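Right after this note come the structures.
What follows is a pair of complexes built around chain A, which joins chain B in one and chain C in the other.
And then the complex of A and B:
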């Protein structure tokens, strides 16, 4: 039987131990990159989705009526001009870039979150799972000491002979990891409620949805037994990513299977930034030495690209 | 960390964990709803609601797209086709294709009927330049769909284009 004391000790060890900041700060760079790319992707049709002028699909006043709960929405306080709307996007892109390079990291993360949420609340009808994931992750990032390594902030501090402490509390990393696991566990449970995932035919239907299709993968999707294998593998890997990834001995094989799953989905289907944000979140489960190993392999690859 | 600070931080952790799973709990009883009210307000304010139901519980079994047909006073008609992600190149898919995929999927559902009038007006504006001398009377929103055959009755090869689409006019906006 678990005693209260053991539970408190376990809770303390899980949430209040310290760890090296390498994983968190590496995650910040990758996550910041996708925040930035997300901002760039909005430029082309920005006036349609988030604009204030006559080009907007949902007029500003209507959006206030549709989404009327008390929520962060900077559009409510801005003058209703097209310039204001563009200012929101340009500032979002700038702050996401600052998050990526770690410049004024904390305040940039907070502003980036407020602007992202405001844009999403401006037009909630165009959001996909990638938007939801970025919003939830960015919220937790506001509390995380993501600036202590691989950042302009850290460089400036080091130049002043006041370097950051790189041994940080594991608390926010745990919350980000739990958020990550929740995505997988929730989707697994929802899928188990249906029959297509259980009988192995779900991937047949998803691969026939033309608006998601990206690249032809005939072998994988053209044989019933492979479709079944793909469906059940995806379901099992998602379950494992939400649960078995926490088992020390299984962590790496589970992460590698998850990575392969997301890469396969990304190659064959177009689902916004969801796959890439999930992949970048894998870093949070890696030990510093594993990240250094990856970094070294990546460095080895670079000159080869140069020679080619 | 001091004991008081630790209690506060632990409270914050618990509250956030509760908030994370809130959407996934089918708790509709009045008592539980009132217990969850502070969490719901928090979720709304920070927009932290999250559902992970893509392709769940079952993936969609139909390919869908939308059009808006405008009737003019002189008896002519014009059609605005909402961009289909499937017909866009990689760059356009990246920049706006995914958004049109989502909004087409949202607008076609009856639960989102509050967006229909704005969508009709949007289509009207899109066709304004090519019909500037005409007076529009009404806009019809039409959903088109092609069902994916059941896997057990007919296994269609990957990337087979649907040849026939069914159509249904689900909304009419009276301009005048």
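And then the complex of A and C:
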């Protein structure tokens, strides 16, 4: 039986111990890159999604009346002009770049979050799970000490002989990990409510959606037993990412299975930023020595690319 | 850490976890349903509303496309895909947005508010001063995937489909 004291000690160890900032700061760089690419990818269709008047598919005024309750939406306080609309996007792109390089990191992350939520509230009709994931992760990043390593802020501090403490509280990393696990757990629970995932036919249908297809994998999805194996494997891996990833001995095998699942989905289907943000979040589950190992392998690979 | 601030922090952690859990997972009982309402309101307000029902509870079984049919004064009729085909390295991300808009939301009975602005937008886009538009239709065409069978399934590249279409809105200009 678990005593209250043991529970409190476990809670404290889980949320209040300290850890090296390598994983969090490496994640910031990758996550910041996707935030930045997200902003850049909005530029060409900007008039259509966020423009003013009949240039936009969702008029600005409609976006205000769509929600009854309070929502963060900076457009409400700005004048309804093309300039204001562009200002929001340009500022978002600039702050996401600052998040990536770690310049004025905390304030950049806060501004980036407010602008991202505002843009998503401005046009809800184009949002996919990648947008939702980025927004939820960015919320937690506002509270995380992501500037202490691999950042311009850290470089400037070091030059002033006041380097950041790189041993940080694990709290925000834990919350990011829990958010990450919840995505998998929730999607597993939603899938178990239906019958296609339970009877093993779901991947048959998803693989035949022409609109989503990227590379059509031959044979794999042409036999009922392979389709069932793929469906149940995907379901089990998602369940494992939401639960078994927390078991020390199973963490690495579960992460590798999850990575393979996402890469396979990314190769065969086109579904925006979701797969990439999920893959970059895996870094939060790695120990510093594992990240250094990856970094060393990456460095070994770089000269090879240079020679080629 | 001071006891009071730790207590406050613990409360915030529990509150945050409660919000993301109850707003993010499906309802399974009455209590869960009631809490989900409150949790979702807070999640929407602070910008952490979830949407994790990816290809669930069942994946869609059809490919859907939306089209704009424009009739000009001289009787010429033209059909345009609502989606554009983006080019460049960021094309997949742009395409994902167009797909969400044209394939999921524009056709949805819960999103009928999108149709009128779409009519205005496409009228503006395809109008010809010398030969004005007299009528615009937004319609969708979809093809259902042949049902799954435990015994044998058609090859991924030769799966039979059932073609269907419906008109979402028709607008005669000058109405």
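Throughout what follows, the second predicted complex is superposed on the first by the 306 of 308 C-alpha atoms of A that agree within 3 Å, B and C clash if a C-alpha of one lies under 4 Å from a C-alpha of the other, contacts with A are read in each partner's own complex, and residues count from 1 in each chain.
Criterion: a contact is a pair of C-beta atoms (placed from the backbone, for glycine too) under 8 Å apart; a residue touches a chain by one contact, two chains touch by 3 or more.
As the structure is a prediction and not an experimental result, all values here were calculated from the model.
Once the two complexes are overlaid through chain A, chain B and chain C clash, as defined at the top of the document. Shared-chain residue A:38: touches chain C; no touch with chain B. Of the two partner chains placed by the overlay, chain B and chain C both lie in contact with A:178. Look at A:243: by the touch rule set out above, it reaches neither chain B nor chain C. Look at A:84: by the touch rule set out above, it reaches neither chain B nor chain C.
In the superposition on chain A, A:132 makes contact with both chain B and chain C. Comparing which residues of chain A touch chain B with which touch chain C, the overlap comprises 11, 15-16, 41, 44-45, 48-49, 54-59, 62, 66, 69-72, 117, 120, 125-129, 132, 135-136, 139, 171, 175, 178-179, 182-183, 186-187, 189-197, 201-202, 204-212, 214, 216-218, 221-222, 224, 227, 270-272. By the touch criterion stated above, chain A contacts chain C in their complex at residues 11, 15-16, 37-38, 40-41, 44-45, 48-49, 54-59, 62, 66-67, 69-72, 113, 117, 120, 125-130, 132, 135-136, 139, 171, 175, 178-179, 182-183, 185-187, 189-197, 201-202, 204-212, 214, 216-218, 221-224, 227, 270-274. Chain C meets chain A in the complex at residues 1, 6, 9-10, 13, 16-17, 20-21, 24-26, 28, 41, 44-61, 63-65, 84, 86, 90, 92-101, 103, 105-106, 111, 113-114, 117-118, 120-121, 123-124, 145, 148-153, 155-157, 159. Per the touch definition, chain A reaches chain B in the complex via residues 11, 15-16, 41, 43-45, 48-49, 54-59, 62, 66, 69-72, 117, 120-121, 125-129, 132-133, 135-136, 139-140, 171, 175, 178-179, 182-183, 186-187, 189-197, 201-202, 204-214, 216-218, 221-222, 224, 227, 270-272.
Against chain A, in their complex, chain B makes its touches with residues 1, 6, 9-10, 13, 16-17, 20-21, 24, 41, 44-48, 50-61, 63, 65, 84-86, 93-99, 101-104, 106-107, 112, 114-115, 118-119, 122, 125, 148, 151-152, 155-162.
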